[in-house]
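First subunit A sits with subunit B, and in the next complex the same chain sits with subunit C.
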Partner chain A sequence: MNDRLQVLVLDDEPIVGKRLQPALAKVGCDVEVFDAPRPALERVAAKRFNVVVTDIRMDDVDGIEVLEKVLEQWPETKVIMITGYATVELAREAMAKGAFDFIAKPFKPQELRDVIAKAAEALGFAAISRAVEGVTS
Partner chain B sequence: MPIIFICSVPFGGGERLARSLADKLGYAYLSREDVVARANDCGIPVGKLEVAMVKKPAWRERLGRLKERYLAVATSTICEKAAAGNLVYYGRSGHFLLPGVTHVLRVRVIPEPSQRLDTVVQRTKLSRERAVGFLDEIDADIRAWVQFVHGAQMDDLHRYDFVVNLENISIENAAVALCGIADLPDFRPTPASRRAMDERLLQARARIKLALDERTADGDLTVRSNDGVVTITYMPSQASLAPVIPEILRDLPGCRELRCTVATTNVLWIQEEFRADAETLAQVNELARRWGAAVELLRYRPDEPEEAPCAPVPQAPVPAAKLAADGGVEDDVVEIVAASDRAFHDTLDTLVQAGRSGGGHAVAGSRERLLSAINPAIQYSLVLVGDVYLKKGSAARTRMTRELTQFLAEHARAPVIPAADLGAKLRFGPAQVAKLATTVVLTAALYALVFTHQDLLLDVLGGPFHNLHPWGAVLLVAVLAPLAAGLNAGVTSSVLRLLKLD
Partner chain C sequence: MIRDPDGAVAAAPESVPDEGSVERAFRERPSIGIRARLVLVFLSFVFFAAAVIIGSWILLARLEDRLRFLEAVDRYTMEIQQTRRFEKNFFLHNANLQDLRDHLAEARRLLVAAEPDANKVLTAVELHRMRTHLDGYESVIARLANGESGRSDPAGRAAIEAELRDHGSQMVAVALELAEKERASVNTALSLFKRLPVAFLAFLLAFSVIVANVLARQMVGPLGRLMETTQRIARGDFTPLTPSRWYRDEFSNLALALNTMMRELAHRQDVLVQSHKLSAIGTLTSGVAHELNNPMNNITLTAEMLKEDYATLSDEQRLEMVNDLVVQVGRAQKIVRNLLDFARESEITTERLDLAGVLRDATSLAANQIRLSGAKIVVDVAENLPAIHGDRQTLSQVFVNLLLNALDAVGKGGQVTIAAGAAREPASVQVVVSDDGCGIPAHVLPKIFDPFFSTKSRGKGTGLGLSVSLGIVRQHGGDIRVESTPGRGSTFTVVLPAAMVPSLNDAGNPPATPSPPSPPCPRA
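Then we have the complex of A and B:
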């Protein structure tokens, strides 16, 4: 098994991917960044990612739809939802549809790294969990 | 005409009822979504509060101040919209925002379960089985929200004027019925009610301005308004905010006069490690509630060198413009924070949520250093000394804590007690019940004795016995008077403690 966690980050604000890419790369993640849902879904169709981090409110295709499509094709992929417009209803709907976790914006990259470490642990990527712990210790 | 609050759980038909009612009455319509959008525009990330109801929030999230800011925005949004004309508001618990305003009609909507389930299945495409679980979860989350944000029970029907059960009436007919109810004189605005709403708006506007200015964002400020006079109370330890406040509130609409005062009832709680779930915190909170006091935390680490850094202060809110610029991803600064510092901040946040925070700071080193950290300009109502010298053995810890308490009592110009004694002073348990019962029985017995032996007593005080033995009267008064006074005092203090008025 590849030791590096394959992560896809999707947010229609390019700055999000720009900020998250180095933050996740430093704990051993291979990160691909997208700022539009359709190319991201095309990439998901071609490659199995271990973790998908997706915004919810996007034009064209929303994050819940991305979640459904990713899990339809790769049921083991952990999908983490991020949004600046979180509500109880949205968080519960995402969880009911199989999201691994839900993070409200604004957040610190460390918060996402902590969630990714949990996802990595569930997927058997012990090295990532150790790397995340190493950053904070 | 009243402001009509339609309160419902999501997917429960409340929104449709509110819209239909607004259309029929020709009123303006406002929903919780509008309030949340405005809060987000102000840089108040309401989503953090929402997600905190679903999962345990990360320790970094200080929800107490976030909640205050959200409430201020919600209050001002509703009041501003209602001031422009009649209003129907749809949300979870908006009716809690305007206490004292009487021209409100508070309606609770009970959904029709199968229709609600159909709506959820249709909108979310969840299976019916999953949708049932989904609804149970969001109902629990929303109850938790109302409890957290308003400190009240959503299902407490005393908080509503009418309950519409959609199992028994259609939305359209409910709207027609509510149109008639809204017209009743009971819900019409009175001058006093309008004034109360103006005060709420003024107070909320002041709170928002102070919360959004980075100079005062982390201040523990209490905002009140009465007849256009806005009073801001700040903690003695935050006296530097006093000159800034008038500057921030200079152009506050509706403010006739601005007063800044320092809080006068303060409790200082000194302890080495704080825990938000500790019993002592609940006791301190209870004491602060009874006294209307603010609680200042002073974390004292006697075994560390004096240069040890203070615990970091809570963070100011992130301006909305910055949020937009970074896409909601904050700077990648790794915070290495000890578990004890987290617990300290969690304790502080608990006090902020209770509206009792007097700020917090830390000091390390000798007890003289501790004394120098206690601001002599602040007249504390009480100083509590909690668990300190945690690295010492039990006997040494007890002795050293006692010595520290005595040292502070001699130098701190305030009553100083061990925090461990607080529980005993506040509690009304079996021992207090026994004490109350005993003192009541003894008092009754004493009075019964006096009234059934009046002749004898009068004889001792001024009769033939007194002529023979004049010292008897002195002895009788010397015994009976303090005994009666002591028993009366015992009964009174127990009753006051029972009524939480001590």
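Then we have the complex of A and C:
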């Protein structure tokens, strides 16, 4: 098994992906970035990701649907929801539906890296946790 | 304040009567109260009645004199006739002369007694004639009594008899004539007296009709005007009443009270508009806070990564990140400024407005609510839409409110259409906000514009939105119509008068705009 964590980042704000790509790559993740849900879902159907980071509120398909689709196909995958101020209800719903965790906007890259490290640990990727700790120190 | 229903006031502020000057105009007028007028009318009735009573009393007194005189004349005539009977006896049977002289003396006494009255009835010539004959008769009788012409002298006796007869018949004729004349005059007075009450009644009737008419016009006129005013107030037009008559009375005080009430109502309306705006701001703020999260998140991520990788990044990469920061800060600023513009408490100012711009403001304010609701929004503004006159802030409040209501009514995947175009009414534009949501039940429909009426759960709606919106639109001389089919959706139509030719408005001459359309629901 590849010891680099396979991560998909989906947010309709392009800057989010643009900044998270190097931030996560640094700690040993292979990151694929999407700013629209449909291409992202197509990609998920084709490839198994260890972690999917998705925004909840998007125009076309919302994050809950993405969560359901991902878990349907890859029950092992850890899905992390990005929520805004007004979507705490949705976040709670997402947790009930099997999301690994959620993170509220605005967040720092390190905060997401911490959550991803937790997910990696749960999945048995010890290298990621060490790398994340390495960035902070 | 928008006081004029024509909506053209702000262009010509001097045309709005200011409250102080209106009140002064009322106070400056001479006060003629309704009570004073009624007292005057009744006094004049009393005066006429008194005049008629005094007049008839005088007439009656005079009639009494006349009758007394007539009686005297009758007695005088009788005495003369008695005298003549004794005269006949004297000549035929040589009866004694004493009885004749008694009656003659009585006649003389009566004549003397009646003389003051006679003066009024008879001419001097007639009176003189009467007196001459009486004197002549008396002197002849005196001669007879003295026995001047002896009984034996038949010629002298015949002459005396002829003279006596002549005087006697003349006296009787004059007395009868006098009695006749007096009787006729009394009859004339009596018939006049009979007609007098009828004439008085006719006069009283005419006078009453005129007075009643004048009073009624004075009461009904202002009442009608005040009634029109109350209807005007119901339509949301708070233009103060101005004096319409040269005097001041209780109705003027009522008009002043109405003006005060309208001032208070306008003030309350402003307060309601403000408090509704605050609740709308509350709703919008949660959306704006969420909307702000996106640029904030972008800024945080970019700034953090810039800091973290500063040493390893190339100059171009750093520049790109700084540019991203600048753009995202601008985006955040714009979101906040929209809300701040809406929230800013400002005097209502009327200006020429492009309706499309107002609708753009409203939709961008509610952008996040739209996004959250998951509904689709279609905005369709007709080309060459005439401009309107109005206050940007309050009008955008109306459309934000209608939009938020529509979003509440439609669920996810619903559609809200905002269409602006020419209205059915002449010289008006309309904005139709329709949704395909749950609709409004027919029994609720008449109540939706009532203040504090809300179908939303406690704490979610203030029940002020539609009431305040209608108030705002009516202040602009417009109206809001609503149609709804439960289960199929609702349509709110905001009709606003179009602004007229700009040059006219700019010159401060408000053009004649059509009066606001009458409200569709009788309740309003």
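The rule is simple: the second predicted complex is superposed on the first by the 133 of 137 C-alpha atoms of A that agree within 3 Å, B and C clash if a C-alpha of one lies under 4 Å from a C-alpha of the other, contacts with A are read in each partner's own complex, and residues count from 1 in each chain.
Keep this in mind: a residue touches a chain if its C-beta (ideal position, glycine included) is under 8 Å from a C-beta of that chain, and two chains touch if they have at least 3 such contacts.
Just so it is clear, the model here is predicted, and its values are computed rather than measured.
With subunit A as the common reference, subunit B cannot sit beside subunit C without a clash.
In the superposed pair of complexes, A:F102 makes contact with subunit B only, with no contact to subunit C.
When the two structures are aligned on the shared chain, A:E93 is found in touch with subunit B, with no touch to subunit C. Partner contacting the larger number of subunit A residues, of subunit B and subunit C: B.
Legend: residue contacts after superposition of the two complexes on their common chain; A:P75 is shown touching neither subunit B nor subunit C. With both structures placed on the common chain, the touch criterion links A:R57 to subunit C but leaves subunit B unconnected.
Overlap of the subunit B and subunit C interfaces on subunit A comprises residues 13, 15-16, 19-20, 22-23, 84-87, 105-110, 135.
Residues 13, 15-16, 19-20, 22-23, 57, 59, 62, 84-87, 105-110, 135 of subunit A are the ones touching subunit C in the complex. Taken in their complex, subunit B has these residues touching subunit A: 10, 36, 40, 45-48, 50-51, 53-55, 58, 60, 124, 126, 130, 133-134, 137-138, 141-142, 145, 318, 323, 325-336. Note for the complex: subunit C touches subunit A at residues 286-287, 289-290, 293-294, 296-302, 304-305, 308-309, 324, 328, 368, 371-372, 374. Here subunit A touches subunit B in the complex through residues 11, 13-16, 19-20, 22-23, 82-89, 91-93, 95-97, 101-111, 114, 135-137, going by the rule given at the top.
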